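Presented sequentially are two complexes of chain A, the first with chain B as partner and the second with chain C.
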Partner chain A sequence: MSRIAKEYKKIVQFLSQDHQELGVVSLEPIEGDLSRWNAVISGPSETPYAGHRFKLSLSLQEDYPLSPPRVTFEPGTMPHCNVDFQTGEICLDILTRDHWSPAWDLLHVLEAVVQLLGDPVPESPLNIDIANILKVGDTLAYWDLINYYMCLPCLVDDC
Partner chain B sequence: MVVDTRILTDRPLQLVQANQKDDQIEAFLSGKIVEVVKNIKGQLFANTHSLEISIAVKLIYLCFTTLKGARTLGEEYVDLIYVNRNGTMLVQRYKKLLFIASYCLGPYLISKTLRRYTRGSEDGSPKTAYSVKNILNALVNVHLILFYFTGAYHDISKRLFGLKYALGHKVDDSEAKFRKASSSNYRFLGYILLLQGAGKWIPLMTRQLGSLTRRKESNDSECKEMPTDSDIITNVPSETQIIHVDLSDESQLPYIPKASRTCILCLSVMMDPSCAPCGHIFCWTCILNWTRERPECPLCRQNCKTQQVLLLR
Partner chain C sequence: MNQRLTDASDFAQSAVPQLTQLDKLLRCHICKEFLRVPVLTPCGHTFCSLCIRQYLRQDSKCPLCLNELRESSLRSEFLINEVIEVYKSLRPNLLNVLVTKSQTESPLIELGSHSDEDDDIKIVGAREKPSSSASSSLSLRVSKPPARAQSLLKNQAGKAKQKMAQCPICEQFYPIEALERTHLDECLTMQSLGSHPRPAEKENSHARKASPLPVPQKRAAPKPEPSQCHEESESNLHVDKYLNSAATVDRQRLPKVNFTSMSVSQIRQKLASLGLPVSGTRQNMIARYDHYEMLWNSNFCDAIEPVDETELKRQLLSWEASRNSSNAFGSVNSISFIMKRANGGKSYQKLLSDFKNDKFDRRSWISLFHQEFKELVREARRKLVNKRSAQALTANGEEAFQSSA
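Right, the complex of A and B next:
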């Protein structure tokens, strides 16, 4: 059996045990195609994202796990300095070929994305405007802005 | 032109020089012809038929020089003409034709038939094709060694059809002296090749002989020992010859605890567990696939080159 099929088994088992602390709400293949996945994560506590849920899509290349999965937020739903707001693209080192390790699986990846929400890295921004706020050291303004985004009705999630 | 046919070139130097010059001219000609082919048939054709084009170039070049009775530019450069084996006569035209044909088409046809032969039948013949290839290689080596020592025939086809070279002029003392000095270098090359060949063939011969005598002994005393041939690896073993270590069998490598018998890469019970320099264990195929991608351990990122992975037995 291929690696991703095994992973699927593990994911089903894992999610049925209710591991809320990791922030992974759901992760399932799209129409049984194990190379395309939909995921929902919940925002980490003690951040403005807490209490909200975010949709992600993951796509695997043929040589997975030798190459990292491509992970994106649903476009226009994630205000974060390492996420392109328009496209949902994520800048996360472990998702690049240079830093990926085949020892990681899809759950690890989602866990890392959840972590990233609480730990923005303004040095490698994809959302330059809000990254600049962090760069000048105004953390309070950054989180307040995120909080403001979270209150916008267009961003209110229904997943 | 007055030819002193008694002066045979017995030094490899001029032949190599002539050959180099010819190669240069051929490369130049080949560039032009490839250009023409590209314009007519397109880039793809030129790329896929590069071998055929290079053969055509050789044919054209030799037909317009050697076959016509003229000399190639390389031969002109060092002033050489063809004579027969004894050096008494010029070479007949049919011999030249045979030489050109075998020189241009021989290697191509041989490699092509060999390939077809190996593809044709699946199991038995690759070995014979392999040995035919070995024998051919050995022949080429022997030919080269002879050439470096005697300097008579630079090409194997020329040896076959007896196309020897003679100098087109008389050699004066200083030229002779110079030649003698330079030929010793080639002789040295010949010794090296001889050594190399010996290193390659002597162990093979002794092994063959050894296994023969051993087989006789074992016939006498009803096989005392396994034939030692098996620990000499001569080719890549096929899948069926490999003894796999499957960790789902609990008697295999019992010192690996149960929790560690799953490969983190394929998430299955390990097949052929293999150890990275840092001590982490993975399936052989899994870790090799990864180290070819990036030479580091997937778990701890320490250096792990492909050749450092050790198969556990």
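Right, the complex of A and C next:
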């Protein structure tokens, strides 16, 4: 686990330098346990998510970095075609065992998640409604639907 | 292993922040430590031997470029290994000097205020100030030749004041005191043994003979001072190690074994033939062999200085112990069972979980097992006494036997 301790040091250093352009707002271990982390990312600009912040939880397994971290959004907060709205589960190739590389770290993962918000992949959906709208190319409906989700009561603190 | 967590960002606040890059490049991308036994992939990337072997077990591709990669195509990189060894030994000094300097005074200001002087000399002066207090070894390394020669001259001048005399046996010059006290005896014994005095001394005295006025000569060909001698031999150690390295395979690479078709007794046999413990379930034994195979191949195929088999077995044991403590927390061995009863078990478990890291609370561990430790010491003492008396008895018996014969 010395690797994750090193990452922690790097993350603290990184966040203190204020890299807003990556969209990573905060990333810290839960109660000093380096195998469970909470993160907050901000929605990238020129997407319907711009101006909102999203909470994620990351958990590392025993053999990290040989196995990928498990990353989920806070349940019921993320309307995205590759995210299960109910559970927060994310469908992202680099988070699967087959595509993960131990050369990546937690900041890479969050970066990839932020990118996913800007580049939804409707071919492998977990949220079928949004994926269908994207497939037919109805951009207006896509933006409005997400904006509608954003104003749901559970997200009200972000509005 | 490093006690402190080191990271490339340590240099970010130093006088030379560019060193961050160097520091980063010398680290393994899997464990983020400095490369231990670095190996090169065909795609040109370098990892710790153990890290990459462990990863290739589950996925045969390079973690950096995702190209296909097989364990057999890894090649060791002796040069990088030695570069890192040198860098690692240098790093604390480097940090010490560079960080304290940037905190006390900015070198840029110094340079600006004496802009009419030579830059080289400036840098030497700026570096020597903090290092003289922090570490003298580094100042020698970074200072420029003129400064080195000067300090040499000073030392040389001091030595020249001593009275020299020729040794009647080896006909070389030594300070009178040293000659009378030790050298004559040394020379005589050496001669009687048929060998010559130490070559280092010989060289030194030759130089003195050639130049009775050593000052101008020394400038042309400075002899290394004793401290530098030491330094040089140390830095040469890594150079020599690299030059003498060769990919020798004096031990056979351990093969990968397909255990699926083997019975438990066959697996047990396989482990026993390597001298490994045969306890545990089938799964345990397979994992044990796999890890040992990795340790073995990394050690005997990649390492520049392979360690002994017994050391490998020790590593295997500690790996297994750490795995078991984290995986099967509920596994009850006798001690933990006793402790659970006596102390509610919680503090023991908590201590045990920290056993291998820096947080380990040595004092409460001692107090927790105070009784047991005492018992063990008592037992050991008793055994020692028993053994002694037994020896005495047998010695007596032998004597008696001899006298009777």
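One rule holds in what follows: the second predicted complex is superposed on the first by the 154 of 159 C-alpha atoms of A that agree within 3 Å, B and C clash if a C-alpha of one lies under 4 Å from a C-alpha of the other, contacts with A are read in each partner's own complex, and residues count from 1 in each chain.
Note that in this section a residue touches a chain if its C-beta (ideal position, glycine included) is under 8 Å from a C-beta of that chain, and two chains touch if they have at least 3 such contacts.
Owing to the predicted nature of the structure, the values given are computational and were not obtained by experimental measurement.
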item	value
Joint occupancy of chain A by chain B and chain C, clash or fit	clash
Partner chain(s) touched by A:Q13 [first = chain B, second = chain C, both, neither]	second
Touching partner for A:P102 - first (chain B), second (chain C), both, neither	both
Chain B versus chain C as contact partner of A:E62, first or second or both or neither	second
Comparing the two partners chain B and chain C, which touches a greater set of residues in chain A	C
Steric overlap of chain B with chain C in the superposed model, located at which of 151-159, 187-195 or 295-303	295-303
Those residues of chain A which chain B touches in one complex and chain C touches in the other	3, 6-7, 10, 65-66, 101-103
Touching residues (chain side chain A, partner chain C) in the complex	2-3, 5-7, 9-10, 13, 62, 65-66, 97-98, 101-103
For the chain C and chain A complex, residues of the former touching the latter	1, 5, 7, 9, 12, 29-33, 51, 54-55, 58-59, 61, 63-64, 66, 326-327
Parts of chain B lying in touch with chain A, wherever the complex brings them together	264-268, 286, 289-290, 293, 298-299, 301
Contact set on chain A toward chain B in their complex	1, 3, 6-7, 10, 65-66, 101-103
